[in-house]
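In what comes next, subunit A is part of two complexes: it sits with subunit B in the first one and with subunit C in the second one.
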Partner chain A sequence: MTDAPADVVLEVEDLAVTFEGPDGRRTRAVDGVGFSVHRGRTLGIVGESGCGKSVTSLAVMGLLPKAGARVSGRVVFDGQDLLAASERTMRDLRGDRLAMIFQEPMTSLNPSYTVGDQIMEVLLRHRSMSRAAARERAIEMLRRVRIPTPEQRFDDYPHRLSGGMRQRVMIAMALACDPGLLIADEPTTALDVTIQAQILELMRGLREETGAAIVLITHDLGVVAEVCDEVVVMYAGQVVERASVGDLFAFPQHPYTVGLLGALPRFDERRDRLSAIEGAVPDMSAPPSGCRFAARCPFRIDRCAELPPLAPVAPGRLSRCWRAPLEALAA
Partner chain B sequence: MSAVTVPAPALAPANQTLVIESPRRRAWRRLRRRPAAMVALAVIAVMILAALLAPWIAPYDPIQQSWRAVRKAPSAANWFGSDEVGRDILSRVIYGARASLSAGIISVGIALGIGVPLGLAAGYLGGWTDALLSRLTDAMLAVPFLILAIALAAFLGPSLTNAMIAIGITATPIFLRLTRGQVLAVRAEDYVEAARAVGNPHWRIALRHILPNVMPPLIVQVTLTIATAVIAEASLSFLGLGQQPPAPSWGSMLNTAQRFLSQAPWMAVFPGLAIFVTVLAFNILGDGLRDALDPRTK
Partner chain C sequence: MLTVISKRLTQLVPTLFFVSVLIFGLQHLLPGDPALVMAGEERDPVVIEQIRRQYRLDQPIPVQYLHWVRGVLSGDLGESMRLKEPVLDLVRQKLPVTLQLAVMSMIVALVLGVTLGILSAVYRGRTLDHLVNVVGLAGISTPNFWLGIMMILFFAVELGWLPASGYVSPFEDWRQSLATTIMPAFVLGNSIAGVIMRHTRSAMIQALDSDYVRTARAKGLSEGSVVLKHAMRNALTPVITLGALEFGTLLSGAVLTEQIFSIPGFGKLIVDAVFNRDYAVVQGVVLVTATTYIALNLLADIGYILVNPRLRA
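Showing the complex of A and B:
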């Protein structure tokens, strides 16, 4: 919020997604989510499974099923409201200006085509270039994601590559057209730890080279600390806290964030047990009317029966808690 | 900034074996290791060659009658014997392969040509398209294969072409249903979502990203259905609804032969054997292909 508005690549305002089940039951998976991402910066969206972080990313990409999902709010990318855009416009943007990488590199590549073919497909779809030029660019992309001997890997089928290599190919595909925004939905979750570090390092390097803004969706606070500049913490479809990464780890301002940090293993203090957050995420087809975290919150007060707003607690940071700022409580 | 160095052992040695193996080539390599399937493939190849080269390899004209050679047992002159009007059975079996194999292949071609696009549409589009096509498929599959083929052939009128059309239409729901089921499974794959995420239009996702991945079970079904279609053609010809006399067909030869079963069993044995061997070969090849194309088997 301190940057000049010209730098804002993606602005999401009051995004809400409601799914209607076949039995007519409505589930509000995302409820009033807002954030902005700046050029060359990385925004982390953190939360546990089912908190709506993946649905948020699919809504931005326009990839939610037309039947069954109702999306409202504003998603402004490069000055254009994506929710108002036609499917045709969205198709032209996807893969070109808007790119996405997925959680499962093992299954996100088509087994019937070589990796080179799959990168070329993106280029030929969005750029008017010859096949020879696309091939050259695809090999160049494989080199940029640091795949060794890219000329030979170009003709490999996905089943010959390891998970880490496949995720590199997915990143090469995503960045082939120099997108303005890259959404990475749990890009390292399916990989083992040493490969995770390599992929994160790669993403950080490529962000510096290309200046793309990145939205990184994860449940792993370690990943957030590693690569993000700003963080949005989501719980039960709502943003509960928004802060820069340093502030979030130093002074969490929402009891849920405190709980998440408490559940992290650390080397610098001795603890016999990790503290878990008791209880479970509320049923989203009938969310509680008050604070959604209240049932699991150790700092609960009577006022929590009322839904707290996402309010500023310090310059540049927001918290959805009646008791914020929490300094006095966290001790 | 520090470049990421990839530890070399994490990869297959790049300069060593660079045999790029496409899924097709891998299936072929695995098929070659199955002797039964390879024998079946050889038998089918011989049958197809015989059908194609019939005018050159058949010893006699298949419709040339000879009153001096009526119902002769197999001999050096007539290897498979001769029939009730003195026609050479070997020549008729060779020419009969044309009717049987073209009926098998063309009718399955018809079924594939209608069933696969409709199955793709049903599976990919869903909704009322799927509901309509699936009910139609259920209704057709509720009628036994041969009964439906006979009814359609009788409706269209007796000729080999009409028999092929009847068998083709009858086999269509098999391919429609198989394609639909496969598409439903593949449509949920991550790479289909990834294909959408790079801006592909629906038609391209359906044809380029889904269709190739539903092919393996279809290939297996094609070989098995050819076997069924060969039997169906023989049955229709036996009943007089397929190949019309005097043109030879294995089914109609069997029909004639049944009247002379005790006097001239060779009239029945050889066309019967031809049907048996052809159908068996296609079935064994189908089984072999199924194993070769199944990623779970080694």
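Showing the complex of A and C:
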């Protein structure tokens, strides 16, 4: 962490989210997660489905259902603890300083309103501007996300747009008020590969223009390599590794990360079958007391029955593994 | 939009044809002879014969039908055998009464049904939701005649606030008109409100769980705006169709309630006509009701298109 503390936009410490089912069964979906995001930088949160990455982002936004979700820890944004903030304060921040885009561009826009209306709505909510000014700004936003003929598209209903175009509209809406932080939850997962690349390129460009910090949630390491500066790898509700993107890909320091990288198909190697991580994610309503990855880990030792801490293994990087650093093992 | 309307108007022709054949045919299956009813106690064969000839009852049914259709097409619904009045005039007198009652009932039903439906969806699984569901179920299951009688007993007999029965046209005295129709409108609206409430609830729950509602929340919109603007607009589409269908039912189905409150509307007209084998009146009323019903469906489809831009293409 070489940046000055003033540059930190979002600091998450010891975040935990527990869901309580109607039968009283508790599931700890997020357990002691911590990371920080800096101005103008992109943090990737990586992990397979169910690892708690989306829940983490919804907790930051204050969008988890009030009934049934218990959130603890600290989420400091612009010097303010969001978990202690009132619902009213959160509503004022959401859409303005804090913005989010989602995985499903096909269903995330309201089918009954034009895309222009939906972008204007966020401006009228957070900025005291006239409808005419909001309209102008909305068209400008559509232009900035490279939607052709934005004046005409303004009056289109979402069903007239393709998935990629809709995700551009979502981005335009999210960035309309110049947020300090943009959370993108799997923004390209539902899109074609070529469209994915365009959207990522667009996000990168807009980050440079606006200086917003981005939290990019994805299961796709290719996307991480493309746009992220730093990466948090999550497994079963916990952070298992934190590193800069270069370090992570060069020397993964957690067996799970090694497995994820190994599961990436590559052109320069011929393999008879794709490698996969054996086994399945543990049941989160009764997680193992020791290392949560132990059951699937090829490097397991006796000590793994005890939960390893998220400890520094090299300057600027953390790993939750008793056997880290892993250089010797990976060879 | 215009294509949809013209398509539906074309469908109107065969539909109405079948409806007319059905009403005409079915009613001749009814036991009893209108001429006998008309002739009264004495049953003088000469009089009966004369009545039969006058109303073409002596001719084969297809011929009678053709004659009737020819009249309908030229705007003549025939003449009531009992009241000696053109059916069209009777319809003209009674339709506004039934229409007023139907509109008022619909307002009661929509206000109650949509409001309670939204509340129970927003407070899903909580006490308010259970309470609303119990109230809604009670509304659906309470028989109209019982509720009507109870309301008369309480508000008219006990408290003396409202007249127990009768009808005053709003063009004569709108206050009195409101006073005479508010109870029957509530009775009719109440049972429909329960159905509308249940549909609104499930549609709203679906809408509130949708991704676009999550987006609306992520924009920092107030809960009011999220629920009433983003979720409701999408949830109300099925409710519009339901409302139109229920409105159509109100036009023909208020028989019992109209009887209880002595409202001189369609319901009373048709019941009297059936009992007296007054064929022309039954046919005329059913035809008008059916046409209105179909027209309402068309209006519902148009409303559907207006709130749902995906159908506008």
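Going forward, the second predicted complex is superposed on the first by the 331 of 331 C-alpha atoms of A that agree within 3 Å, B and C clash if a C-alpha of one lies under 4 Å from a C-alpha of the other, contacts with A are read in each partner's own complex, and residues count from 1 in each chain.
In this section, a contact is a pair of C-beta atoms (placed from the backbone, for glycine too) under 8 Å apart; a residue touches a chain by one contact, two chains touch by 3 or more.
Everything quoted here is computed from the prediction, not taken from an experiment.
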Clash or fit, subunit B versus subunit C on superposed subunit A: clash
Touching partner for A:202 - first (subunit B), second (subunit C), both, neither: first
Touching partner for A:216 - first (subunit B), second (subunit C), both, neither: neither
Which superposed partner A:164 touches (first subunit B, second subunit C, both, neither): first
Most subunit A residues touched (candidates subunit B, subunit C): B
Touched partner set for A:146, first subunit B, second subunit C, both or neither: first
Partner chain(s) touched by A:95 [first = subunit B, second = subunit C, both, neither]: both
Contacts of A:155 with subunit B and subunit C, given as first, second, both or neither: first
Shared subunit A contacts, counted only where both subunit B and subunit C touch the same residue: 61, 63, 90-96, 99-100, 102, 104, 107-114, 121-122, 125-126, 157, 170, 173-174
In the complex, subunit C residues that touch subunit A: 210-212, 214-222, 230, 233-234, 307-310
Contact footprint of subunit A on subunit B as seen in their complex: 1-4, 6, 8, 10-12, 14-15, 18, 20-23, 189-191, 193-201, 209, 212-213
Interface residues, subunit A side, partner subunit C - complex: 61, 63, 90-96, 99-100, 102, 104, 107-114, 121-122, 125-126, 157, 159, 170, 173-174
Complex contacts: residues of subunit A adjacent to subunit B: 61, 63, 90-96, 99-100, 102, 104, 107-114, 121-122, 125-126, 146-149, 152-153, 155-157, 160, 162, 164-165, 170, 173-174, 198, 201-202, 205, 208
